[in-house]
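Just so it is clear, A, B, C, D, E and F label the chains in written order, and each chain counts residues from 1 on its own.
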């Protein structure tokens, strides 16, 4: 990671060189060892940083520039290959420090399971926390073929901690029948297929709340994000996702942390997915870090 | 094929192991030898089966699970390479048996010409048959540069048999001027460019009818299905195609057979097209096999 | 180029063999040496011609056939590799001759900078010229890191000549803050994000005017045109771009020249971008060359 | 094809514009409809011509330039998609004319079956004909699963006509046991695995003979030619194949025709196979057309 | 796996349908969760089986046909995603049964760590076991950044059990200085860079011994096997590897088990690596299963 | 570049953090604007650094570790897009400083023209300089279609300055007839096709000389380096190139600077070329920086 002087990796465009002065901290979580289908999201953070250099620093959507927000790019959290339990622990410890320092944690996955320890660390500080979750998949399993640590379980595990009623999922189009039934019975919010319109209805009810936003890039239709582990057609456009990010920016919620996960560059020869991820992150940083 | 014990290929997820007990029969028709542009759809069926393993068995759209429908995956019909005439004959004979057994034939192409013998075999049983056809192309030629067996001719050839008035094409955006004129003069229905809205208007007029549905994957915009022989921009989204499938499911038509053709995996490095094809088939099976 | 008898390259489908008899002249400008991100658009024209062979000659959108329009494919303008100044001069001289002969110049890029000398040559003849510009990027810089000849500058340079009030940009979603401010202060028209709806409002005000239309393929969302140098999500669909082309065709503007630039085939394994470019050109030729 | 004035395709670099004056005739045979594995060689000829533009005109190996040999590029022979019988007839008729005019036929495939009618047409003129055959596969089947016209049969069919003793195969590493037995019993020459060394031994025995050389690009190891239908490891290097071509050039045999087949560009993202094919053709033309 | 009747996956060409009657058992170990660089070898076994259908059943190298050897394809061993400890346990239990039944285990990886439990299970039966190991990498680490279960450790771990003097590595070109020192100090055999010539010297000393052969596909140069996690130039050709396999077949060693690992299809668009893997397996089966 | 504190890019594995203490300086020259065929080598340096992280730090070939050599990675020299003249000037000025500080310049291209200013700067200090040049192409043109600054000219231009007798080219297999004649007439050394054997003969004659080594990655056969602008078959293997590097390391020549150019990652989906480039650089650094 980048705290020592010999850091040798790329950083996100216009990230601030000084940790102490920054309001937010960007970090990669290059883990993909519990996925059940196509691995490769471990290379997401590095490639997103690399292409971020081609981003405009100015957002026409928000009329704001990256220079207006001080965020530090801490590099990637070193994770032990093939050991999910220890990896999650490392992530949690890192994010605890970021949150303790009053900074906004901004994560780049990696598979979706990496969001779990982040959300847990954030919840330790903000006990009124609500989760906004964009995804094609429910991720509400208790385990995956017996394994409790799986990319299919993070939302369930955090819901069990903060209460299902505080979890709001959007864009969902795949899951087990049992997952949808559990959500319904436990008062968790799921908006199937769509994101923007249901989000507009939910946001006013969350005004003033501390919110963590976790975005699985596969909420996008494969046409817009082919570079991900599990492509699932019938998703939303990148235009709709951008509008949803801006909707949150303009709402009264207090975003205390967020992430973008499941970017797997190898499946996208055109590099559109990493470029889209970089732009989405720019908009989230400009819109959500106040 | 899979009727003998030494079958050695993949089968579609949750296909039923027993032919006799099944209500529907899935089969591949790996033929691509008459295409005029890019071949490769011969590998469609095998790759669709392979990725089907990653599908959720439950459809949130239809609230139904694959276990609720007994369909047998018969494997691929063995076809003689480079011999379209004999290939079509083999297909027809196979489908005749399926239809005679009172089962619903579900075909995976292969090029679009493979739908012709299927539709003919179905028509032998259901003489009030109507065809619903989703495609970017008219496929209404009488021949292609002198060749009567061509991927550009199947709809014309079936229309000549069942009557043009019983053929309903949707999403069409390419063809010869003469093809559109022939359709108009002969009372065949063509909805240019769009699928969902015109379909909603047509379906009530078909209520109670026996209908065969043939879907060329290139009705989708290339953004949603790059893995096909002839990519033609200006198409519909996978969301719209899913909605159209569900519209048919909820209408009063009686789907007596259907197919999905022209999936050519090699042109799609992200594998989105085969994954989309697998999900479309799941929805068609869950929605149309009663 | 193709004026001498030994021309050895492809030509666009149904291009007319005789220069003198043609009303329009198609030509390639295979230059990509000033781009700041991904090069490769030099191969755009050759690949577009190659796949044009697969196009239907008839447009269902416009009910017109390529045989109805005489356009000559002049091949590619020979350009000195790595020398933008001399390249632009060569282009300008060529287009001057085309315009002088009363023919409509139709350019294929190459990077966007190639449009500058074309627009200058057209402006020499039509001094009431207006520019319609479809793009993801403003291209309004005065220079790029000190270089005046850059793919980021052509619209600014032509605006300085014909007056910013005569320039109409659509679909823009990226640029420097300063570029947008300059446009605003100088009365240049910019429609952010959208194309079709704002175009419908602008076109009536341009009725009767001589107009040059320049289309950067990256106005399309990367889902629809992954094969371009700078992919920028949040763009329009190919359906919307086709509709916009048809809107111009039906308006009262007099299109005196047009181009399609920034097609870089190597980034699109599916070849959808070159196929889309070929179809867009067919529609522009059929709709705009009267 | 290119005999009429409106020819609109690429031609091989430095091909001569005049048919009558040329000593050799290059032509494409874009057929791939009988292959049993991966199709796509129909695009070989067009892509080879396109990249030939990047070839040096001078061969350091042979100290000769393309300007030293007059060869005409006739374009592609139009072949009916999916109809092998008619396709072979068209090829045969074309090559008969070339041979009758005393010119050397130079074919580009397409699948290997296209070599059969060429060799037959050449044999009609040269009844002492010997065949030199470079390939990974024997191609000695009498039929392929019942089909007599197949990419697996051309060498057997020509051997039956000119006599197995006049056929010399090199580099073979795959085939049915029966094929090798047939070859052995009938006195046909097969050099397994290797090309250069056994060729050096055979060539002196062929001095003064009229010879047709047919090269399947898959005689190369897949490392050197990934862009082919059937990749089979354990092959020779491009260096060895170049040396073999030069060995024939320096021997006393009289090459009366030759071809290079089975180049399928889609499987080779790096374009190395088409570039290699273009260079091999340059060397064959410079070395064999006297 | 395939022991129950509802098995739904591909099997290797000409594998025997009956487990009991077979002398050897082929199985996949689709695990890639401890790799430190590029994952994806989990898809190796499925893709190798799929392309095996294109293999000739006859080996010209060994003059033997697949019908001459009865081997059962058991499908893939179900492994818990992201849990290496449990995965290794599952593999070991499966192989124990195979070995106990007197059958030869034939493994397809998956990452190289999967070979460890196999070798352990084989060693339980054959306590004079020697290991022949082809690889670019030493795989002699005791742990990888603290993790004992890693793709970088299997050879060390088995060497610790059977004694370093019984391990023979060939083709090695990468490793830590410490690994080479450990090997030297402990009498383990390492042939750097080369395989065939040093193997010829070693084999006579192993005559009559029970030997397990483990081949990491990356012993091949990346030119010959681009589809693997860690590409390392300076390797051997597929021709040399084939010759090495045949050398073992002709030696007096008794091969009691073997595997081929680290085939990661996604990095090889041409599919040469999976085709090569299938052919290598054919030769190993024909040459080593007596 | 990296001299200021806010450097935000990757660096080569084990590069030293301090410029002053280092004996050698690595830098990228991301320029590709004068190439006549396929651009893309501008992305070579960044991708080589990125994959260098996967390199072993120890060389088994040289028994030396990267920690044994202090080399500083200065990042990329900022070059003005599309302006070769100014770019070359920037490079020259940078290298002058490196050489003046007594450090060894190590360049990563970019196209081959970038080597020219480097060699000129090195020659300013070492006036007995000899050039060792590995390449498929002569690069001896005086201009390319009129342009003096071209990737086809650097060796000629430096030969004109230091004297053709001091230039030694190896592996050459393509060029104009005139280039070879010029070389011969002027006493320049060219070893056609081969590298290792002729190098062994030349090196003793250069013992004690100050030598600059420039390697165009396309000296490798395309099988070994598909990721380059101009693929030219008949080249050497990576094994031979490694051996040639080691041969120089063991000779008595004094390497005062070196580079590796023309790595264009986009054409190599497997990433083998950038991985090979990284390993070659490791060997050059370990073998040549004393």
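The rule is short, and it goes like this: a contact is a pair of C-beta atoms (placed from the backbone, for glycine too) under 8 Å apart; a residue touches a chain by one contact, two chains touch by 3 or more.
Small disclaimer: the values here were computed from a predicted structure and weren't measured.
Engineer: Taking contact as defined at the start, I'd like the list of chains shared as neighbours by chain C and chain F.
Structural biologist: Of all the chains present, those in contact with both chain C and chain F are A, D.
Engineer: Rotation angle, chain E onto chain F: superpose the C-alpha atoms of these two copies and give the value as a multiple of 5 degrees.
Structural biologist: 120
Engineer: Measuring between Cα centroids, what's the chain most distant from chain E?
Structural biologist: C
Engineer: What's the farthest chain from chain A if centres are computed as the mean of the Cα atoms?
Structural biologist: Between chain A and every other chain, the largest centroid distance is to D.
Engineer: With chain centres taken as the means of their Cα atoms, state the distance from chain D to chain F in Å.
Structural biologist: Spacing between the chain centres: roughly 38 Å.
Engineer: So which bits of chain E are touching at least two other chains?
Structural biologist: Residues 36, 221, 223-224, 267, 269 of chain E each touch two or more of the other chains.
Engineer: For this structure, enumerate the chain pairs that meet the touch criterion.
Structural biologist: A-B, A-C, A-E, A-F, B-C, B-D, B-E, C-D, C-F, D-E, D-F, E-F
Engineer: Where on chain A is chain E touching in the complex?
Structural biologist: So the residues of chain A in touch with chain E come to 32-36, 38-40, 42-43, 78, 80-84, 144-147, 149-150, 266-267.
Engineer: Which residues of chain D touch chain E in the complex?
Structural biologist: Chain D reaches chain E through residues 36-37, 172-177, 180, 192-193, 221-224, 226-227, 230-235, 267-269.
Engineer: Residues of chain D touching chain F in their complex?
Structural biologist: Touch list, chain D to chain F: 54, 56-58, 60-61, 63, 65, 221, 223-224, 237-239, 242, 269-272, 275-276, 279-280.
Engineer: Mind pulling up the chain F residues that touch chain A in the complex?
Structural biologist: 5-6, 8-11, 13, 15, 17, 46, 50, 269
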